[in-house]
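Just below sit the structures, each encoded as structure tokens.
Paired with chain B in one complex and with chain C in the other, chain A is shared by the two complexes that follow.
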Partner chain A sequence: MVQFLQQILSGISIGCVYALIALGFVLIYKATETVNFAVGELMMIGAFLGFTFITMWAMPLWLAAIVAIAATAILAALLERIFLRPMVGEPAFAILVVTIGLGFCLRAVAMMVPPWSGETVRITTPLSGEVLRLGPLILSADHAAVIAATALIVVGFFFFFTRTRIGLAMQAVSQSQLAATYMGVRTRSISTLVWALAGGITAIAGLLLAPIAFIHVNMGLLGLKAIPAAIIGGFSSLPGAIVGGIALGVCESLAGYYLPEGFSDVAAYVLVLVVLGLRPEGLFGQPIHKRV
Partner chain B sequence: MRYILRTSYEQDVRLFREGLPQYGWYLGWLALALVAPLFLGVHLVSQLTFILIFAIAGVGFQLLLGFCGLLSLGQAAFLAIGAYACIFLEKQGVPFLGALGLSAVITAAAGAALGLPVLRLKGLYLAMATMSLGFIVEEVAARWTAVTGGNAGTLVPPATVLGYPVGNDIPFYFLCLGLCLIALWLAANILRGPTGRAMVAVRDSQIAAQSMGIEVARVKTTAFALSAFFTGIAGALLAHKIGYVSPDQFTLHLSIELLLMVLIGGVASLRGVVFGAMFLVALPEALAFAEKATGASMPALRPMAFGLLLVLVMIFEPRGINGLLEKVIGYFRMMPLYRRGTFARQRSFVKSERW
Partner chain C sequence: MKSKIAAIAVAATFAASAAMAQGTQGVTATEILLGSSVDLTGPVAAIGVPMKAGFEIAADMINEGGGIHGRKVRVLVEDNGYDPKRAILAVQKLMTSDKVFAIIGLLGSAITQVALPATTQRGVPMLFPGAPTHIVYDPPQRLSFALVTGYDIQMSAAAAYAHDELGKRKFCMMYQDDESGEQALAGVERKLGELKLKLVEKTSYKRGATDFSAQFARMRGANCDVVMLGTIVRETAGAALERAKIGWDVPMFAPQGAVSRAVIALGGKAVEGLYAFAPSLPIALAKNDPRLAEAVKRYKEKSGKAEDPDDFFMISFAGMMLFAEGARNAGKDLTVDSFVKGMEQIKDFDVGEGWGKMTFTPTQRLGSTRNYVMQVKDGVWTQLKALD
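For the complex of A and B:
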């Protein structure tokens, strides 16, 4: 039983990382109807920037985190301006392909930066090595930090979307671009902002992941697990992304412990197929009926 | 870009839609392909074989993506199923040609079976579901050692056709050439028949197709099965060409390469598939040449080239090489009448997938 709870706990902490990436993914989808396959690569860039600032340039942790997050946000906004703005009005799948291409480019850029491409690296924080005890359960402080940070971000998001003008504008755009434009919302600026926001969140995910897992050029593949998380939660629901991510992390962790080797790698994909088969709109999504 | 004056209904459905003289060029290319092994070296013939094999896989993908509008990110899974099924059957003593046909049928069955649960999905969901299947098949191929040989891979027995060994050199090239032509011809025929026209209708508007009495579910399943059929053949051929299969050949990356091939060649065009296959094979060669010329090893060059090409093609020439070719031909055909904007793309700004 203790083992079971322990597995669930570690599943939750890795699930929080999935949840954050999925959040970035869902944000972009909701506001611009763009499916962003480059989300994992943005996370990788964020993590590498953090590594550069913290380990190589020896900046203080808080400053490095802020700079890395801001830089990734700006990068994401630039990508939107340069590559996705010309694609407005093209079919959805064409835009999806563009983001796949952008993901490749970002990975290639990371491979070109000499200190990034060489080996797998890791960020050490003051928390590393500390352990939190909850009764019989053990949680490393880094994992706990992930959970705490995710909770904070979720609360922050809630207030951002319900209380601020920009948050409300984003909600309006995500419900109907056309109606939002008529109401005087600057749809284009909002979509750039949404990309920046999503870039920032994925950078946070990368920074949180950096102390508990290794950073390497191919860590963007993790983003491919966040997309199933978003789908499980219902693709256009922000709380759904969080729940989906955590559910995915827990399933993976349990599959890794109880099932034969190999299952934990594909647990995410089996789960998403099951969810799609039983409830195509996801756990929290609303079924879509097309108007003729 | 050519407007054909229609004089009969027959014109819409015949195999050579623009009239036979149009296709004289193709005979020239065919003749060139037939004599190519005479003056090309072993390496180039082998690259040509890869082009033909990828063209067969591309025909399958084109039917699915270009003509039925279903985006699959799991085509590598079908390649894997075709390859492993063919090798398994051969090891049970089935002759090569029989194994090839059977493996194509098995892959088609797998495609139909996989198609059924994902029928309710569209767009992104479909892409995700097929991508998941790709990952799962890759993992199964790595774990099911009794059939697949696991991560260590398995050697492929050399192919023999009716007792005549074809190996993987020039005879194999001709085998692939024949199969590729058959695949193109079959696909062209499917597309002009009711099946293909139903697929195109489903692609353009599912609701309109439904109201015309087309069973959307059946058409989509058929598209999946047909796509898997061609891809399965390509997988079996690929395995024999390389002579060795292991699960790490059939990754998501291969699926994306196939997608790149179809997009760069030109969506919704069978001839585009061949252009795309040429491109897909020529690109790594060109990159290797560039690396050799500069004397530096640049591992980032390949993903960079792939990514940039995907982005630039989608932004500037969404119809790929075939679209470019059509524009050039169209320009010369209406020589004095060309105006700027003749080939301008139409955009729909208020289109939404959601409602």
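For the complex of A and C:
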């Protein structure tokens, strides 16, 4: 029983990382109907920037984190402005391919930066190596930080989207771009802002992940797991992204422990199939009916 | 006009065939051309770039000493970005277009595996790849010579050490689910079979994974008293971190890839006490060797770096020394045949401190089966023993 709870606990913490990336993914989808395959690489850039600021420029941890998050947010906004804005009106698949291409480019650029390329590096925080004991269960302090940060972000987002003007504007744009435009919302600026926000969140995910896993140019592939998480939660639901991510993490963790070798790698996708089979719109998604 | 062109064409054909009829590919009156392909820009460029330097510095040192029977050695190094597809193209180019005498010091097990059939088919010797894969020497082939032991030999020796010296009986293993990890697993299982034991629990992970909590939870649940790893660099550190996180005080053994500063940098305190088995010592421990010290000094001057090169520098350097010895034994008339015979004359050859003595015979294509038993003490890799 203890092992079962222990596995669930570690599953929740890695699930929170998936959840944050899925959040970034769903944010962009909700506001712009764009599927963004570059979220993983944005996370990787955010993590590497954090590493550079902390280790090479010797910034204090909190400052390095803030600057890395801001820098990634600005990068994401620039990417949207330069590459995605001209694609408005093009077929959705074409936009998706552009984001895949952006992902490749970001990875290639990261490989060209000498201190990043080919290296695997690690950020150590004051919490590294510490463990919390909850009775017989063990939770490493870095994992606990992930869970705590995710909870804070979720609460922050709730207030942002329901109480602030920009949050409401984003909600409006995600429900109907046309109606929002009529209401005076600057939809194009909102798109850029959404990308900036998503960039910031994925950078946070990367910085939280960095002490747990390692930072390397291929860590963006972990971000691809965000897509099954978003699908499970319902593609256009923010709470769904969180729930989907955590469900994914727990499922992988339990599969790794109880099932034979190799199952933990496919657990994510099996879960997607199961959820889609039972509830095609995802756990929290809105079923859409079209009358032809 | 047409007959003039025809005449030139005929003359060119004769000239070309005359050139082809002359001597062995890669060998001229003044030069021996060798080829290699390593990762200069990709994920393991930190290893490939020092390896290239090792070839060049070794060539310089050989040439300054008069060369090999009056011929200078030159090594052409192509980049492959650690991608087997690019590597095979690079090797083909070196063999057919640059016409090298031999391929030396390829970096990477997967790359060596795809290249070996190609070099064998073209009759070009494959020399001393920097790849712990057994196919280079097992089964022994005429045109393939190995310097480093495969993961199977390393981990087999590790299992024997854990059994004999540490008295461990309940073995668990975590291995990477690809060729290199499976070789490590094969080595452990073979040795345990000889000792009439079996693995109590074995777990695997996909290449690139960084979360080992499930694997360690299972191994701990199986109550083993020693953990064998079939890991490379990053995962060795990850395994050590996981072991420390769950507070499990069990000895762990890793293969050669673990003996790297990167493992200590990534793992920190958690890797203290970790064991590893490697066919050569790290440069830091082999620097008493005058030849190696000279080579490292030249590396620092050439690259402008203050720190020692990556330990794979030793592999390319030692490979060049072995090549030079085999080529010298072959005599002035250097052909593939005379070279193979020259290599087979090498007995108990000292290629430098930090390696076992090298011997090659028609049935032994691996220079030495020595393993160095290493352990992390006070944050650095130290040598415990050398087992032949």
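As a working rule, the second predicted complex is superposed on the first by the 290 of 292 C-alpha atoms of A that agree within 3 Å, B and C clash if a C-alpha of one lies under 4 Å from a C-alpha of the other, contacts with A are read in each partner's own complex, and residues count from 1 in each chain.
Everything below uses one rule, namely that a residue touches a chain if its C-beta (ideal position, glycine included) is under 8 Å from a C-beta of that chain, and two chains touch if they have at least 3 such contacts.
Being a predicted model, the structure only gives us computed values, none of them experimental.
Colleague: After the alignment on chain A, I want to confirm one thing: do chain B and chain C clash, or do they fit together?
Modeller: In the arrangement built by aligning on chain A, the partners chain C and chain B fit side by side.
Colleague: Classify the contacts of A:R122 with the two partner chains as first (chain B alone), second (chain C alone), both, or neither.
Modeller: After superposition on chain A, A:R122 lies in contact with chain C alone.
Colleague: Which holds for A:Q7: it touches chain B only (first), chain C only (second), both, or neither?
Modeller: It touches chain C, and chain B stays clear.
Colleague: In the superposed arrangement, which partner chain does A:H216 touch: chain B (first), chain C (second), both, or neither?
Modeller: The second partner, chain C, only.
Colleague: Who does A:G262 touch here: chain B (first), chain C (second), both, or neither?
Modeller: Touch status of A:G262: both partners.
Colleague: So, A:S140: does it touch chain B (first), chain C (second), both, or neither?
Modeller: second
Colleague: Report for A:G103: first if it touches chain B alone, second if chain C alone, otherwise both or neither.
Modeller: It touches chain B, and chain C stays clear.
Colleague: In the superposed arrangement, does A:S253 touch chain B (first), chain C (second), both or neither?
Modeller: The answer is second: A:S253 touches chain C but not chain B.
Colleague: Of the two partners chain B and chain C, which one touches more residues belonging to chain A?
Modeller: Of chain B and chain C, more residues of chain A lie in contact with B.
Colleague: Quick one: is A:E90 in contact with chain B, with chain C, with both, or with neither? Answer first, second, both or neither.
Modeller: A:E90 contacts chain B only, not chain C.
Colleague: Rounded to a whole Å, what is the shortest Cα gap between chain B and chain C in the overlaid structures?
Modeller: 5
Colleague: Could you give the residue numbers on chain A that contact chain B in one complex and chain C in the other?
Modeller: 111, 117, 262, 265
Colleague: Under the definition above, what is the set of chain A residues touching chain B in their complex?
Modeller: 33, 35, 83, 86-98, 100-109, 111-112, 117, 177-178, 224, 227-228, 231, 235-236, 262, 265-266, 268-270, 272-273, 276-277, 280, 288-292
Colleague: Looking at the complex, which residues from chain B come into contact with chain A?
Modeller: These residues of chain B touch chain A: 71, 117-118, 120-121, 123-125, 127-129, 131-133, 135-136, 139, 142-143, 207, 252, 256, 259, 263, 299-304, 306-311, 314-315, 318, 347-355.
Colleague: Looking at the complex, which residues from chain C come into contact with chain A?
Modeller: 39, 41-46, 177, 203-204, 206, 208, 210-211, 213-215, 217-218, 221, 233-234, 237-238, 244-247, 262, 265-266, 268-270
Colleague: Could you pull out which chain A residues touch chain C in their complex?
Modeller: 3, 6-7, 10, 14, 111, 117-122, 124, 128-129, 131, 138, 140, 212-214, 216-219, 221, 253, 255-257, 261-262, 264-265
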